[in-house]
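Given below, in the form of structure tokens, are the structures.
Both complexes shown next keep chain A, but they swap its partner, so chain B is in the first and chain C is in the second.
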Partner chain A sequence: MVSRTTAQARTEPKPAPREWRRFKFPESLYKWAGLMAALLFLSYSIVYLNIPLERFFNMFGRVGTLITDRYYPPEMEYVTEPDYLSSVFDTIQMAYLGALFGMAAAIPLGWFGSYNMTPSRRFVYPFARFVAMCTRAVHETIWAILFVTILGFGMMAGVLALTMFCIGFAGKLFAEEIEAIDMGPVEAIRSTGASELAVMVYGVFPQVRVAFTGIGIYTWDVAFRAATVVGFFGAGGMGWYLKRNVLQIETTRVSAILVSIILLVLVSEAVSAWARARVAKAK
Partner chain B sequence: MSILSVRDLRVRYSASGPEILKGISFDVEADDFFAIIGPSGAGKSTLIRCINRLVEPISGKITLYGTDVLSLNSRKLRRLRRDIGMIFQEFNLVDRMSVMDNVLSGRLGYVSNFTALFRLFSKEDIGSALSVLDRVGLSDHVDKRADQLSGGQRQRVGIARALMQNPKLLLLDEPTSSLDPKISREVMALIIEIAAEYKVPILCNIHDVQLALEFCNKIIGLQDGVKMFDGPTSKMNSKKLDEIYAMEVL
Partner chain C sequence: MASASTTARNVDRILAARTKAKFGRSIIYAAVIAMAVFSIKTTIIDDTDWARLGSVANVLASAAEFLGVDWGLLPNLLEPAIETIMVATLGTLLGVVVCVPAIWFGALNITPFTPVTYPLARLMMTLSRSIHEIVWGLFFVAAVGLGALAGVLALAIRSVGFIAKMSAEAIEDLDPNPVEAIRAVGGSDFQVFIYAILPQVLPVIVGVVIFEWEINIRRSSILGLVGAGGLGLVFFRQLNTFNFPGVTTVILAILALILFGEIVSYYVRKAII
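Showing the complex of A and B:
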């Protein structure tokens, strides 16, 4: 019986394997057409911008000679002068104030701009989202130029530029964090007859406190990096020294300043990573 | 004389969505332990949330101690909510706050925003929080964080928080579904004792029919937003139960 069926199976023609395609007809067309369009646009942009690719490949050799000829050794005495060091200190304080003011404004903005907790979904929510979007749409250097034009050179312009930047940056992250909370405790606090402010303080804030602290540290970190360049436009801090030395072609001083910025950013990054890890553990 | 009357209550969550409650009416008396039973998806939680307007019905009438609940503006609604304690299936405690702060949050309907913001609760509030915690048997856990407690203990915190409101009605939304059978029974027994002490009527969602038959004096049975049974527990029998739970809800 068994042998007969196997023999039979051997003599019968093998059925063709059944077909299956991951992308059925219209989707497969869109997919390939999309890929072709992206490649076409890539080659078009290279031709249109007249990018000489051979120079790109020669670049790496030139970078080495340029650095050894002009930027090396960095003039480290320059960055240890008291004038420059005080500008570094200015930059740190500017970042601190900008981040602090920015976050103070970003907390209500995050509340109003979170879909689940906003006081009014029809009016307040879109308005808060719009404000956050506007402050983020304008780059921090543009804010710096704007405030320098209005307020004149100095720290004030820099602090305000960073504040605007932090409002949008932290506000969006705060809103997203509030949208991710568990609504159960909110419902419970609301059912006690608490006001919306009390619901925020008791039902929402304990749930987002750790995340907000992490975002706050991160915001300060990003604000510090932004603070090193706003000085370029006269808004205070070490950026001004960078600009002056670039214009005066004091290349070894420029490299010294760049080294100092890189070191400071690395330190701030390490501090913020450490602090965020500590906060995350302190749940 | 009924203290809570619900007439022809209808709810839908969106204009085009299905009707969740299709004209529910019932009355709760001053000494009732009133159970709402029915299969999952019957609308029990929705019904109970209409009483303090965590869910807004589209039509109907709710009267609580002579107040027309559905016509209140938001300020008066908050006043009304202080009188209605609520206990939840998932406890709904704020995990990262201490037991004490969770219990004190039951007073939030009575204090100003300033008091709430800086947690400046009065000596009387703190005193009554401590004695309520004593009553539910948690006096050793006052300063612990809420997420360090076991399920049964967490529900006791929920009960304490509701009692801090000096409620005139307790709403229980599946208070025992997250608990094991033994603890469920203990928690139900505690609630029924407390209801007698505070002389507060209870409206309770429960899907554990056995517990409902054991602890409650009146039952309504919901099925797919329609009331299938309304009467004292003694009139409930297995045939009627089968009817209520007949429809399979996926």
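Showing the complex of A and C:
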């Protein structure tokens, strides 16, 4: 064995020093082919969408002048008017209710949609997953438009749109959280002959309570961001003021509203981060 | 005897702490319920025009108009659907390009000058995340005119926040050992970047970008509402002509598109990571 390899080494010429590569032959080919296909798709889509590239490259100066000439300075008096402030308050309430209703519906959905705890893997599980996907896939503005068409203008349409949005959002996170639990307590409670609901209440819920609270606060935060625009389509809140000023080309007021939205989102983010840290610590 | 009394005292303390925690929790529950009741009163009961809404039968009747599918619309949906996917893809990729400085400035261990660049990057991320895509769409329609370009730009800016935040966190969690190793065998800065940093963060970044692409399909499907083309425009037209089965058709098409995006992202994720 040893003598043969030495003999081979003696007879064969020394191979040329090879360059080290991370990807060997077939993978490198797939990689290049994939990259080329992606580039081809990109260039084709630029052509297909008729994107005027020269306008894209000229854009930067125009955006600068657009901001300095028209959107600056923001008319901050407008956003401190009582009308606007009350609409901000409405928006917060809408987001709160939407997140609350959404979560109330998402808890059973999370239960049915978690693979380890679902009552029936063949029927209920795919159905719950499908409902969660549908409510999440349809954008919140589309929900807002649909509910405004059915129920008329007003905050009820906004609350329902946010509810639909939160059902999908929280339902998916809840299901993932339930799938990650320790099955020991579940087995223990099941072995006492408890019903599925009792298993849920005493075996699963104590394990996920903290995580659910955190997800709930996060859902409210996301719902608030969505709530700032559902009013754009007539579903109440500050979005209506945004739409009105956009249509009237009151650009300095629009920028003031945007500034107020950014500030409110910052505040809501800080509050939600604080509350989530607090909940995690209370564990 | 002494130990028994300490145990008793400990038990008392734990019980007292539990009562206190229970009390605090019930106050929180009461506040949550009180605020919910107040909000229901102001937003739903007071703000709704109940007389105009009519009875439950009326509402159900107007909801029932959406039942049914307008099959005749289907051939007209193919082109907007392709447009929607393309806008989402281009927007995500442009977002990745715009992201690079935000990631560079926003990761604490590589940011060039922490007191200035780090807050700057954070500001970029917050701006991008806190303004809704509809508003970005309006802004870019004003800047570059109607058409897909405005949608691409809006999605690009809107994607920056999420991609940059996750990627900057991935870079902050970098394992320094491979960097040392490549340096020790005489690698240049560029080689350190290619062989030590990129392999560590690339799976995370690619995963985040694919996830963002999925979200962007959802977003680009509504950008037509503010004049950026795609399925949103068809949706808007169907609604304004009161063709409610057509509206349902468009929503089903959006669902199909999102399902397609989820399937593609599943396979791409499996192939790359």
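Going forward, the second predicted complex is superposed on the first by the 253 of 283 C-alpha atoms of A that agree within 3 Å, B and C clash if a C-alpha of one lies under 4 Å from a C-alpha of the other, contacts with A are read in each partner's own complex, and residues count from 1 in each chain.
Heads up, the rule we're going with is that a contact is a pair of C-beta atoms (placed from the backbone, for glycine too) under 8 Å apart; a residue touches a chain by one contact, two chains touch by 3 or more.
Computed from a predicted model, the values in this text were never measured in an experiment.
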| In the superposed model on chain A, is it clash or fit for chain B and chain C? | fit
| request: For A:Pro206, decide between first (touching chain B), second (touching chain C), both and neither. | output: first
| In the superposed arrangement, which partner chain does A:Ser195 touch: chain B (first), chain C (second), both, or neither? | first
| query | A:Glu187 contacts which: chain B (first), chain C (second), both, neither? | reply | first
| task | Classify the contacts of A:Ile178 with the two partner chains as first (chain B alone), second (chain C alone), both, or neither. | result | neither
| Touch check for A:Cys134: first (chain B), second (chain C), both, or neither? | second
| request: May I ask you to name which of chain B and chain C touches more residues of chain A? | output: C
| request: Give one of first, second, both or neither to describe whether A:Ala106 is in contact with chain B, with chain C, with both, or with none. | output: neither
| message | Can you work out, in whole Å, how close the C-alpha atoms of chain B and chain C get once everything is superposed? | response | 5
| task | Give every residue of chain B touching chain A within the complex, in rising order. | result | 52, 54, 78-84, 86, 88, 90-97, 101, 105-111, 113, 116-117, 158, 161, 165, 171
| task | Would you tell me which residues of chain A are touching chain C in their complex? | result | 22, 41-42, 45-46, 48-52, 55-56, 59, 62-63, 66, 90, 93-94, 96-97, 100, 133-134, 137-139, 141-142, 145-146, 149-156, 158-159, 225-226, 228-229, 232-233, 236, 242, 246, 258, 261-262, 265-266, 269, 282
| query | Inside the complex, what are the residues of chain C that reach chain A? | reply | 21, 32, 35-36, 38-40, 42-44, 47-49, 52-53, 59, 62-63, 66, 82-83, 86-87, 89-90, 93, 126-127, 129-132, 134-135, 138, 142-145, 147-149, 152-153, 195, 218-219, 221-222, 225, 229, 235, 239, 247, 251, 254-255, 258-259, 262
| query | Which residues of chain A touch chain B in the complex? | reply | 184-185, 187-195, 197-198, 201-203, 206-207, 209-210, 283
